[in-house]
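See the structures that follow.
You will see subunit A twice below: alongside subunit B first, and alongside subunit C after that.
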Partner chain A sequence: MATDTDFIVDTRPLWVILLGRSVRPLLLLATAGLYWLVVSLEPPAGLTPEGLRALATFVVCLVLWVSSALPLMITSLLAVILLPLGGVMPATDAYALFGNEAMFFILGVFILAACVMRSGLSTRIALTILHRFGHTPRGLLHSIFFLNAFMSFFMSVHAVAALSFPIIVEIVGVLNLRPHRSNYGRALFLAMAWGSTIGGVGTLLGGARAPLALGILRGATGESFSFLEWAAACLPIVALMMLLGLAVLALFFPIDITSIRDADEMLAEKQLALGRMRYEERAIAMVMFLTLLAWVFFGESYGLANIAIVAVIVLFAAGLATWHSVEQYVNWGVILMYGGAIALGTAVNQTGAALWLSQQTVSAWASSPSAAVAIISGMSIVLTESMSNSAVVALMMPVTLGVAADFDMPLRIMALVVAVPAGLAFAFPIGTPANAIAFSSGYLRMRDITLPGAVLAFGGWCIFNVVANYYWPLLGIHMHVP
Partner chain B sequence: MNNVLLLLPPDRQVTRAIETALDLAEKRQAGLIAALVIDADAAHRSSNQMVDEGLVAEKVADQVSEALAREHRIRGQALLNEICQETRARGIECRTLMETGDPGAVCRRLVDTENVGAAILVAEKRSWLGRALGLGQALQPAALGSCEVIVVNED
Partner chain C sequence: MHGLKIDAALRDRLFEGTEARASREIDLLLPEDVWVQAPIDERWTASSPFTLANEGGRFRLRRGANSPLDVRVLAPPDFYRKRTAQGAPMGRIAEVHGNFVAIDPTAGCGFGTPGLPCQFCRGIGNAAPSTLPSVAEVVEVVRSAFEEGAAEFVYFRGRCTDAPDGGVAALTPYIVAVKRHFNTLIAAQLDPPTEQRDVDRLYAAGVDAVSYNLEIYDAGTLEQHCPRRAQTIGRHRYLEAMRHATQVFPSGTVWTELVVGVEPLDSTRSAIDDLTAMGVLPVLSIVGPAAADMPGIVIPSPEELRPVYAHLYKAVKQQRTPMTWVRDLPIGVTPLDARFFVDERDRLSSSSFYRSRLGTLAARSLSRLRRRLRVKTVSESFDSSRL
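After this line comes the complex of A and B, so read on.
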């Protein structure tokens, strides 16, 4: 009789199997060797011994974040202990950077979003909009695209994608769309992923990238952006990207069905089943609205993080949230990930390693501030297709602060130049959870997402650079220090 | 009479595998057992990956996995019903089942208990890009004692 051990016969060559199982430990050993190699080098001209050790820590994080040999948050913890152990900064300073204001803003935003999701308010909004505007195939597709973008102005991108995913799965189910075959099925899932991703760059609430960039910026320079300034700089990019996104969807996935009556009925039934809006939903919507107003009008005077935390306290005080219900909706690893990233960014900048690294790379390649912005935004977009958006920000921000200093650019512009393109991941499932969620549906093949996604990413890069060069100066965000 | 086992993954294009199974069962005058197995580990793997690498909250990742599993079950049931109709139309005895678990273990159990003479497995089609990025899993042909194993590529 067959047993567990004799069932699966792996017919691959032995060396392939052994290599596959050894990659992770080998990579970790190689990374340790790389750290030792860099710290044992003589510091090159222009770099202090502390700067060299900060650079070694930066290289370790680069390898581990790109390869995902360790979970992102564990790599961040490694950075936090390598900094004091390597003599880059005292342990108390490294750990204290976990208390950065950006951390608490991110935390507050995630808890608020958790309350919105848990109460069912977000599902109600989604169903209402889809039922209201999605009566034709094109109308439903566009509704999903715009709905996800709109919701990503207020909630993190992956939460929005995860929220709309079950609804879209039901839609393709009732429409009997065939996986891998139906253009409309593919377009619906891509509209979900791309709409969320594009909307996510519009405000500081679409994910932790922008707050993380501001956290590193503030830690290194003391400068920042207000909630309104950030939105004013980014919303035109969102508007143009939305138009481009619709064009790409229409070009690559022409609609191949004529009626969505079954989906329309299903959405109507689901909306009906939700019943009237409950007190909890109304109250949470009110708190969210007031918080948004407070961020816009009092963000600079009271601080974005303080406002977010006050809103969280109000929700708990009013009995609209319980810790048990909220904690499951927040990935607490973000605290470790972002705290470590901010510590690393601050150390690389304070020791002069950022300036040295930028002089060897972007500053050497670029001839003007505009060229530097084009190179940095291009690098961010390419990197974000294959690694976590936040890891891109953590790696790029310190270096780009050095570039800004080299070209006599305002330092704070670099938060936009890194964080916005880092959010524009369209071409690979591994680029962002929104893409991964869409891909997991089974409706998309790799080529359905890579080529159209690459077109969208390239278009995004062009749009970003046009906006940076011609629109931002109108807001007083210049490439040169006036 | 030896049965023909058709082991189906939930999210693949399996028209060719179904045709092969029906032809074989007809030729051998055997019964067909169509088993759709939803890989329980796959859902956990994707959920864990989202939590670790995408910094997605556990509850949110679970909701995605649950929605996907529900869709697989609905789609799988529809597919099994289609197979059953087609099989009976050709005068072949048919039995279907859907399970969540380890596809290998389910296959082995059915081979051991259901007098299976041939097992038809579906090999996942992967693009060069998918292979390069390590997406999906390569098929690992199984040894099932005296049972014949036939691997059919996804459409």
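After this line comes the complex of A and C, so read on.
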């Protein structure tokens, strides 16, 4: 029985509801049939029988991830059991891929972020910055935009959005901004969502996409990126996207209020209520800072995951965290999803299926490495508007590794080409949790997100390709193997 | 309308050991499965032409010198004489009418001011109880009623509240508990809420049929006789709640009572037309003897009533709204009861399947399936979006 607030009554005709409910079981049956059909085929030229079975598993996951007929993490578990059952790889190898370094890096990041949030440190940072810089309507809007982007360098995008959402709800409340009517109200929520999303592509900490892409890359090729290399490659994209985001906000939502004094006072009161910084906050801030330095300077030699786990152990040893307090912040669904995706990506690549698939698709459409990057990044951006960012990475990475081999490109560049655009979802509430949180405010209509978001996404695609072609070579990330 | 005379010995035998409230009305089952509730309080029935007598073990209803009609009397069930584990008389918590057990844990009547007797209540004067029964007590009483075979369904009455939700929040724990413990259908009668979300909430909690009893359709007459309701709730809120409820609840499960005799019969006819067009089933009850001498009240004659009942049946039939969900309400004439007022050739062919054990099982199962399909848990939709 539904709880008091957690339900909706669907008043569409019953036959429509029944039809909708039948789609999932029918789709699951069709997917099972598709798997059986693919594995029954004679392997085409250039594809081994193991490759064909890996491809069949990939197709099953593709359908299920895109359709969400099963939760993403359950599809991943299905992939892990289909690989050994289909004879693609031994069960011990498939399950061993769950122990990938990327998984432990994500786990460590979740726990660190949980400690930051639980201690109130993140709230303090948010209120301090907003109160310091947000004295005018434009100043407050920009503060929210930049604050969310900055915090997403260190915390996952949806955690940042969830953290700042209640503050913005209070701001629009004290300013008496009317839902669906106030340009400023709409701009504030979009600044929150877009700032978080853009900032999330800046480092390896902003979301689990990048660690997943690196996990698949490492599983398939043994190559990777250091923390600093990744940030250096992505931060210019963030900077340009921020400028574009501000321009889009100003263009679509001209500020329609002149004073935010009430909001300013509210922020001052909240900051006052926090009091002075406590020992716990200072200590966690120190651990986070040292962890960041360790990722930058020792990430390559000691491993990102090892550093993250050491930081977690230090927090627990110092009594700054308890398991009970952080376990609710650890998204075990993500962990399961990534384990399966990494196993699948590795299998598709090692059996040659990725190469064969890429030759039939992107490699056949593209005429040069730059064109291939443009196509892949475009596909990632389009797919991520309707799919989980991580699912896009899980789907695209194996194929793009094949494309890289086709065009004689460095394999590791594909982690950037897939993971960064996969984070640029702006046009639909379902694209990313940050958009969904903004939409849930009631201040935004669908068209308030869709059109400006589409402009931003297209701009993002252009910026990404310009950066990939002209800036990355300066860092030594070339389109061709030198 | 007139009530029913019943001799003292029979009354004592029928109502021995029960609460006074249960002994002021009697439910009769007439031939063709028509339930009727008749006042038997001597204050109002002295001039009634109807008498009920037990003749050789059979109950016979007589009107003057006319030939008697064999009827079944719903004797007060045994559980009226029991007490709950907490010591409350069960008969004070629930009443059996027709084939349902009626429970009004939060209030008595929606006509008057909260806590005061209602001027139309046929002398019952069922003011709001001073202490509410606990959820456990209600479950206990329903269990007793079901085990005894006294009722099949549960009917919650939660009127007479100033709460903006119409009493949904107060009733919900009882509804949820009964639904959890018994495989039964639940009807509820409440004040209309200010937010339609509360109608959804009622359905999601487990209510299968709902009644927002407008009782007087004409706005001026409503204002005259029920100023509290007219001012604090208003006719518009009733109509909006019913309109929304017809979208949420199954077709033929939203009903409203209209009291015949308080407003002109033409007004009742137009009420029937408007309400049936919305998908609402009007149930026509007649103003009780307690209110018969009030100013502006004109008790219509049976000849005047017959075409109104026929109109009710035809209007519902024309809208193709199912009539079998709202039935066996002794307090009024349901559209299904009204079929006897049209020519036989105009009646829909009906079977008694819906009354059979299999029919009841099908109704319960379909109702449960429908709720499962219609009520969606939002968090399930976001199952994977957190990634």
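In this section, the second predicted complex is superposed on the first by the 467 of 482 C-alpha atoms of A that agree within 3 Å, B and C clash if a C-alpha of one lies under 4 Å from a C-alpha of the other, contacts with A are read in each partner's own complex, and residues count from 1 in each chain.
Note that in this section a residue touches a chain if its C-beta (ideal position, glycine included) is under 8 Å from a C-beta of that chain, and two chains touch if they have at least 3 such contacts.
These numbers were taken from a predicted model, which means no experiment stands behind them.
S.K.: With both structures placed on chain A, which of the two partners, subunit B or subunit C, ends up touching more residues of subunit A?
M.R.: Ranking subunit B and subunit C by residues of subunit A touched puts B first.
S.K.: Touch check for A:Pro179: first (subunit B), second (subunit C), both, or neither?
M.R.: Only subunit B is touched by A:Pro179; subunit C is not.
S.K.: Classify the contacts of A:Met288 with the two partner chains as first (subunit B alone), second (subunit C alone), both, or neither.
M.R.: In the superposed model, A:Met288 contacts neither subunit B nor subunit C.
S.K.: Just to be sure I read the superposition right, which of the two partners does A:Leu18 touch: subunit B = first, subunit C = second, or both, or neither?
M.R.: After superposition on chain A, A:Leu18 lies in contact with subunit C alone.
S.K.: Is A:Ala422 contacted by the first partner subunit B, the second partner subunit C, both or neither?
M.R.: In the superposition, A:Ala422 touches no partner, neither subunit B nor subunit C.
S.K.: Could you look at A:Ser440 and tell me whether it touches subunit B, subunit C, both or neither (first, second, both, neither)?
M.R.: The answer is first: A:Ser440 touches subunit B but not subunit C.
S.K.: Examine A:Ser390 and indicate which partner it touches, taking first as subunit B and second as subunit C; both and neither are also allowed.
M.R.: both
S.K.: Both subunit B and subunit C touch subunit A; at which residues?
M.R.: The answer is residues 1-2, 4, 6-11, 68, 71-73, 158, 208, 331, 333-334, 337, 388, 390, 430, 433, 436 of subunit A.
S.K.: So in the complex, the part of subunit A that touches subunit C is made up of which residues?
M.R.: Spelled out, the residues of subunit A in touch with subunit C are 1-2, 4, 6-11, 14, 17-18, 21, 68, 71-73, 158, 208, 331, 333-334, 337, 388-391, 430, 433, 436.
S.K.: Considering the complex alone, what residue numbers of subunit A touch subunit B?
M.R.: For subunit A paired with subunit B, touching residues are 1-2, 4, 6-12, 68, 71-73, 110, 114, 117, 158-159, 162, 165-166, 169, 173, 179-181, 208, 328-331, 333-334, 337, 388, 390, 428-430, 432-433, 436-437, 440-442, 445-447, 450.
S.K.: For subunit C, which residues are in contact with subunit A within the complex?
M.R.: Touching subunit A: residues 172, 176, 179-180, 200-201, 203-206, 247-248, 370, 373-379, 382-387 of subunit C.
S.K.: Of all residues in subunit B, which touch subunit A in the complex?
M.R.: Within the complex, subunit B contacts subunit A at residues 11, 13, 46, 49-61, 63-64, 66-68, 70-71, 74-75, 104-105, 107-108, 111-112, 127, 129-130, 133, 135, 138, 140-145.
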